[in-house]
Amino acid sequence: MTSTPVAVVASDAEDQPERTPELEALYRGFEREMLIPLWTEIGDLMPLAPRSRAVPHLWRWTNLLPMAERAGELVPVGRGGERRAIALANPGLAGRPFATPTLWAAIQYLNPGEDAPVHRHTQNAFRFVVEGEGVWTVVDGDPVAMRRGDFLPQAGWHWHGHHNVTDRPMAWIDGLDIPFQHYADSTFFEFGPDEVETREAPDRSRSERLWGHPGLRPLTHLQPTPATPLLAYRWEHTDRALSEQLALEAEGYRATVEPGHAAVRYVNPTTGDDVMPTLRSEFHRLAPGTATEPVREVGSSVFQVFDGAGEVTVAEHTWKAERGDLFVVPSWQPLRVATDGGLDLFRFSDTPIFEKLHQHRVKGDHQ
Amino acid sequence: MTSTPVAVVASDAEDQPERTPELEALYRGFEREMLIPLWTEIGDLMPLAPRSRAVPHLWRWTNLLPMAERAGELVPVGRGGERRAIALANPGLAGRPFATPTLWAAIQYLNPGEDAPVHRHTQNAFRFVVEGEGVWTVVDGDPVAMRRGDFLPQAGWHWHGHHNVTDRPMAWIDGLDIPFQHYADSTFFEFGPDEVETREAPDRSRSERLWGHPGLRPLTHLQPTPATPLLAYRWEHTDRALSEQLALEAEGYRATVEPGHAAVRYVNPTTGDDVMPTLRSEFHRLAPGTATEPVREVGSSVFQVFDGAGEVTVAEHTWKAERGDLFVVPSWQPLRVATDGGLDLFRFSDTPIFEKLHQHRVKGDHQ
Amino acid sequence: MTSTPVAVVASDAEDQPERTPELEALYRGFEREMLIPLWTEIGDLMPLAPRSRAVPHLWRWTNLLPMAERAGELVPVGRGGERRAIALANPGLAGRPFATPTLWAAIQYLNPGEDAPVHRHTQNAFRFVVEGEGVWTVVDGDPVAMRRGDFLPQAGWHWHGHHNVTDRPMAWIDGLDIPFQHYADSTFFEFGPDEVETREAPDRSRSERLWGHPGLRPLTHLQPTPATPLLAYRWEHTDRALSEQLALEAEGYRATVEPGHAAVRYVNPTTGDDVMPTLRSEFHRLAPGTATEPVREVGSSVFQVFDGAGEVTVAEHTWKAERGDLFVVPSWQPLRVATDGGLDLFRFSDTPIFEKLHQHRVKGDHQ
Amino acid sequence: MTSTPVAVVASDAEDQPERTPELEALYRGFEREMLIPLWTEIGDLMPLAPRSRAVPHLWRWTNLLPMAERAGELVPVGRGGERRAIALANPGLAGRPFATPTLWAAIQYLNPGEDAPVHRHTQNAFRFVVEGEGVWTVVDGDPVAMRRGDFLPQAGWHWHGHHNVTDRPMAWIDGLDIPFQHYADSTFFEFGPDEVETREAPDRSRSERLWGHPGLRPLTHLQPTPATPLLAYRWEHTDRALSEQLALEAEGYRATVEPGHAAVRYVNPTTGDDVMPTLRSEFHRLAPGTATEPVREVGSSVFQVFDGAGEVTVAEHTWKAERGDLFVVPSWQPLRVATDGGLDLFRFSDTPIFEKLHQHRVKGDHQ
C-alpha cells in the first residue's frame, strides 16, 4: 500500500471560483490534508448519464486462436500461472486485462494430456465453447464434459481444474467477474492439488444427472443456492429452445423478444434467477433478415458470435462479426445487430449487480 | 473515450515462462491485439485475500472544519459546482476524491441564507451531523431539519437541495456511493431549480410524521421500497436505543454486540433491511473501559467519532481519535477500538453490495 | 377418529342426470366406497364468489363485559382451563366458538392477584385493550404492561402467562388463529409453570427497549423473524400516527386511505410485513363526518370500536356501534362505516393467509 | 346464511368449575349472546399435537375404475355438473367429498369424443395419469396431451377444458385445493365456452416448447409467477431423474432421501419453488427391498401407487397397495412404506400452506 499525493486541479468549467491566491492556498491546504473538493470534480464524477471509460471493441477469433495456439507451444500451464488464459484488454481501461470495468473474458487453451491445476476463488466463472471438445472441467470432483455450444458455469469458491483427455488441443472462452472483485476488494483464492483429482471423462456430469431434468428438483436439495448447481447447459437444449421460440412466433404466438429474435437466459434451477450472483448469461438467435431495435442498458456485456454472421453497431462503431468474434458493449452504449443469413450470439453481462442494487435501467423499443 | 496501449510486462515471479525471443514476440502480438495473459497478472488480480489499494487513514476534524470554513469564504455555492463539499481522498487511491474504492465522504458547508441548488442523481446519499444545526435539506419538497446526531438518508434519484435559514453557518458530513457508481458506470444526474422550492423549516418532516412511529405503517404505503421512506433518524431515538442496550446488558440480558459495545443499524421500515441498496449505516457506543475484539470484514467503512475519545487500530495503524475525526477501514483490514472514557461512533459502509452479491465475509470473535 | 357414512344426495339443480334405478345403484356404490361425485356438490363447493357460512354479527360490549365479570366470580382460572376467556361464536358457524372460519376473538378477564398459567402453542395470538390496565403479560420471561389502546402481539410457540398485580380486575380482547389451525391440523400445545415466572411489572418491556425505536435495529438481531419481536405497540404511538395522517391530509398531502380515513398497520420491524404469519392487525380512525367507500375483500375480519360511535353496514346488516362493540365481516361481504362524531376502530383479519397463498382479492373504490 | 344456536356443553374434564345453578345461568347467558367459553373447549381446540378428524384410508383402483366407467355410461358430462369426477370422501370428514381437510382427489372419466366444458376457478388443480391416454387438457387455449406418468398442473384462474380425441375412454386423477378454499371462503368461479376452443392434439404443448428446457428461461418471461408456467411434466423426465438418483447412490454419491429412496419434487421453473401456491407434488421411487423410515409431518397428503406394490403403514393402519391405489395420510400421522419388488409413488400435499405460514413441522429419521 503506497500513498498517492493529491492534486487539486482547477477545472476549466465556467462555474469555477476565480483562481485567487487565497483559493490557491486553500487548494494547497486540501492537498496537505488529503482532501479534494467536489466542485472541481463533479463533471467527471456525476455526468448526466454513464460515460464509461471502456470503449466498444471487437476481437477477431481468427487473431485470437492462433495466438492461443502459439501460447500453447511457448507457455507451460501449471501451478502459479494456473491457467493458459489470454484476456481481452479493453482499449479504454488503462492497459488492464479487463474486457469491461467489471468483466473478464479470455481465451483459454489446453494441450493434449495437460492439467490446469485445481484451485478455488471467490470470483464467479464460466466457460463457453465455440468450437472443439475433449476437455473435462472437474468441479468439486465432478467431471464435466465441454463441447461446442455448451455453457459451463462454475460459481465462486468451488474447487475446479481442467484436464484434456484427448490427443487434440482445445480452446474455449472463460468469463469471470475478476475486474469487479478486484476493484471491490472481495477476492479470496486457495490452491488445491496440482493435478485434477479424477481422470474420469463421462458423457454427463453428476450435476446434470441430478439437476438436468426440466421442472424436477431432487428432494435432497431443497434449499435455494445463490448459484446454479447445474454445471452444464448443453447445446442441444439451447438450440432446441431457440428453434421452438422461432417456430412458435411463426405460428402466431408471443415467444420472441422482437420479430425474428429468439433468446434464452441461463438460470439457476433453485431460484429461476441468474446462474451466478454477479453474472448474467444468455443466448440470442436472430433469424435470417433480422435487425434488432437499438437497446441501451446500464452495465456492460461481452458477446461472442457462435454461428452465422452479422453487422454489429455499438454507438458509432460498426463491425462485420463472424464465428468466434468477441465484442464488448460498455454501459449505456446503444447496441444494434443485423443479419442477412442468421446469427447465433452468446452474451454475458454484469446486469445482476445492477438489478440487485436497484441501479439498472434499460431503454429500447422492445423493453 | 481514449484508447490505452496495452503492455505485457513480464512478471518476476518464479513461475513465469522463460523470456525467449519467441515469447517476447508473442507478447508483442498480444499487445497489438489488445490482449493480456493471466499468468503475468494473476498475483495482483487474484490474491489469497483482499489487498486493497485503499489505506487506513484518519482525518482530523480540527483540520477539516477550518478548511470548510475557509471554503465558505472563498467558494460560492451554486449551479455547476452544486455543493460546497470537500471529500476525503484516500492516500492509496491515486489522488481521487474517494475515501475507499466504493465510498465518498465529504464535509459540506453552507453559509447563512445560502441554497445548495436542487438536483437528483442515482447515487445514494446521506448526511450525518456531528455538530451544529440550522440547515433544512428538502427532499422531494419535504423540508427535513438537520441537527447534531441526526442521520438523514436520501436515496438515489430523489430531488433534493439544502437551505440554511439561520444566521450561522453549518457543516456536516455527506456519505455517498459516488466511487462505486462512477466505477460501475451507472450514474445519472439531473438538474432541478437553482433555489430550494420551499422556505419552510418545520421541526419534523412530513416523512417523519408518516413513518416515524415504531412498528406502524401507513396504509397508503404498503409496498416495500428499495430505500427508506423515513428521511430523518433523530438523535434522541439513537441515543435512547444505545442507552437501553447497555442498561439491558447491565441487567443481565443479551442486548449488546459484545460486552460494553452497543450498536444499532439504521433500517428501512418497509423491509427491516439497510436504509439504501448500497449503503449500510450504523451507530456504535462503547461504554467506558471497553475494547472491542478485532473484526475483519469484506468491504470498506468510514467512521466518524461523534463523542468521546478512543484508540483506533486498523491493521498496523493506531490513532487517538476524538470528536469529529473520520477514519477509513479498507476491506479485510482488522479493526479494533478501545476507550477509557466512552466513545460514540457513527459508521457507514458498502456492505450491502457484498451481501447481495454473496461476497460478504466477516471474521471476528463476536460474529 | 370415527368414520362417517357418506350419502350421495341428489341435487335438485336442473343439470343433474335423471334419477334412474341404475344411477341410484351407482350412487349406493359410491357410498360403499367412500366416494362422492362432483356433479351433485359443485354448486356448494365452487360458487361464483365466496359464500361464507359465517354471518355478519355484532356483539355489544355492554353485554360482554358483565358476563366476563360474572365469570370472574364463578369460574376460577388455572391449569387445564388455562384462561378465563369467552369467545365470540359466529351464528353461522355451527355453534363453534369461532368469530369467523379462521379467527378467534374472546374477552379475557383476570381478577386482582390472579395468574393465567404459563403455556405455549403454535397459534398466533395478540391482546388488545379497550379499557383498563393492571395486567402484565409475560412473554418468554419478559413482562409487558397492558393498557388502554395497546396492541400486544405474541406469536406462536412463545411461552406466556398473565398476572394481575393490581387490586382491580381487568378485561381485554384476545385474537388468535385457533379456528384456522384447528381446521388445518397444525396445532401443538405445551404446558409451562402454573405461576407466571416473574412478578416484575415494569413500565416498558425489554422487547420495547430493544425494538421500540423507529428505524433502528439492534445489531444483535439482524435476521428477519416470521413474527414481530416487538411485544407492545403503545397507544401513544398509534394515536399520534393517526393524528398526523389527518393533519397531513388537511395540509394537502396524501396520507390517508380516503378522505377523513386514517389507518396504520401494525408491522414486524424485521420485515416491514404483518406482525404475525397468519394475522393482520390495523387501527383505523375516521374523522367526524366521514363515510367510507364500501370495500369487499377475500378473508374475514373482526373489528372493535375503540372510541367514538358510528354506523356500520356489512352486506344487508346495519348497526350503531359504540365503544367496545365487536363485529365480524365475513369474506367478500361489503363493509361500509360512517360516523358523525368520529370513530376509532381496531381491526384484525386473516388476510396474510390469502396474500401468501395468492388468493387475495379486494374490490373497492379506494383500492 | 343461517344462524346456529350455540350450546355451552359442560366438559367432563376434571379441571372444570362445579356446575352450580349460578354457572348454569351464566352458560345460558353465553348462549343468548352467542358466546362460548374457552375452558369447556380447550381440549378439543388446542390439543398437544394435531388430532385430525381425517382418518388414514385407502381406496382401491380396482374399485374406483369400474365405478368411473359406470358413471361414463350413466352420467353425461357438460355445463353445470362440469366434470365427470368422483371424489374420495375421507371417512372422518362428515360425509364431505374431501380426501383430507384441505385436499380434493377424484377420478375423472371422459368418453371418446366428449368435452369437459371450459371454466376457470381460483382453486389450484392438477391431473396425474396412472394409465391410458387420448385426452388433451386445453389450458388458456394451449392443448396439453395427457399420458401415463404425466403430471399436468393447472393453477388457479386459468381457463381450461378437456377433450377426448380418441375412440377410447380415459380416466385420470384430479387433485385440487377445493376443501381448503371452500373452508377459507376464497373461491371464485367463471364459466367459459361449452366446447373446448380447439381440436388440436399436438404431441407437445406450447408451454413445454417454451419452458421445457432445463435451466433455460425465455427472455419474454422474466418475472416470477406464483404458479408454474410449465403445463406438463412428462414421465420420461421423471423416470430418468429417479433412475439417475438410484444410480448415483449406487456409485457412492448422495442423491437419495434415504437408502433406496429416490424422490423429486415438481417445481415452478420461475422460482424453483412448489408448482402451485397451495399444492406440493412429488414422485417417489423405492428400490426393491426398501423400507422407509417413519416420518410425521404437519399437513396432509394423498398418494397414488403408480407402479409396483408395497406395504403402507399410516399410524395403526397397514395396507398392501398396488397400482392405482390411493391412500391419505392425515396431519402428523406417521407414514412408513416398504416394498419387496420396488414401488413408484405419486404424492401431493398441502405442505406449501404450512411452510408459508410458518406452521410446518416434520419429524423423522432422515429429515
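A, B, C and D label the chains in the order they appear, each numbered from 1.
The rule is simple: a residue touches a chain if its C-beta (ideal position, glycine included) is under 8 Å from a C-beta of that chain, and two chains touch if they have at least 3 such contacts.
Everything numeric here is computed off the predicted structure, so don't read it as measured data.
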| request: Using the touch definition up top, find the fewest steps from subunit B to subunit D. | output: 2
| said: Can you work out the whole-Å distance between the CA centroids of subunit B and subunit C? | reply: 44
| remark: CA centroids of subunit A and subunit B: separation to the nearest Å works out as 29
| remark: In whole angstrom, the CA-centroid distance of subunit A from subunit C equals 52
| said: Give the residues of subunit C touching no fewer than two other chains, as numbers and ranges. | reply: none
| Line, ring, star, complete or other: which describes how these chains touch one another? | ring
| In the complex of these two chains, what residues of subunit D are touching subunit C? | 1-7, 13-17, 20, 22-23, 26, 29-30, 33-39, 41-42, 44-55, 57, 59, 63-64, 67, 70-71, 74-76, 78-97, 101-102, 106, 121-123, 156, 178, 181-190, 226-227, 277-278, 298-300, 330-332, 350, 352-354, 356-361
| field | Contact set on subunit A toward subunit D in their complex | value | 206, 209-220, 222, 224, 228, 230, 233, 237-238, 240-241, 244-245, 247-248, 253-257, 263-272, 275, 282
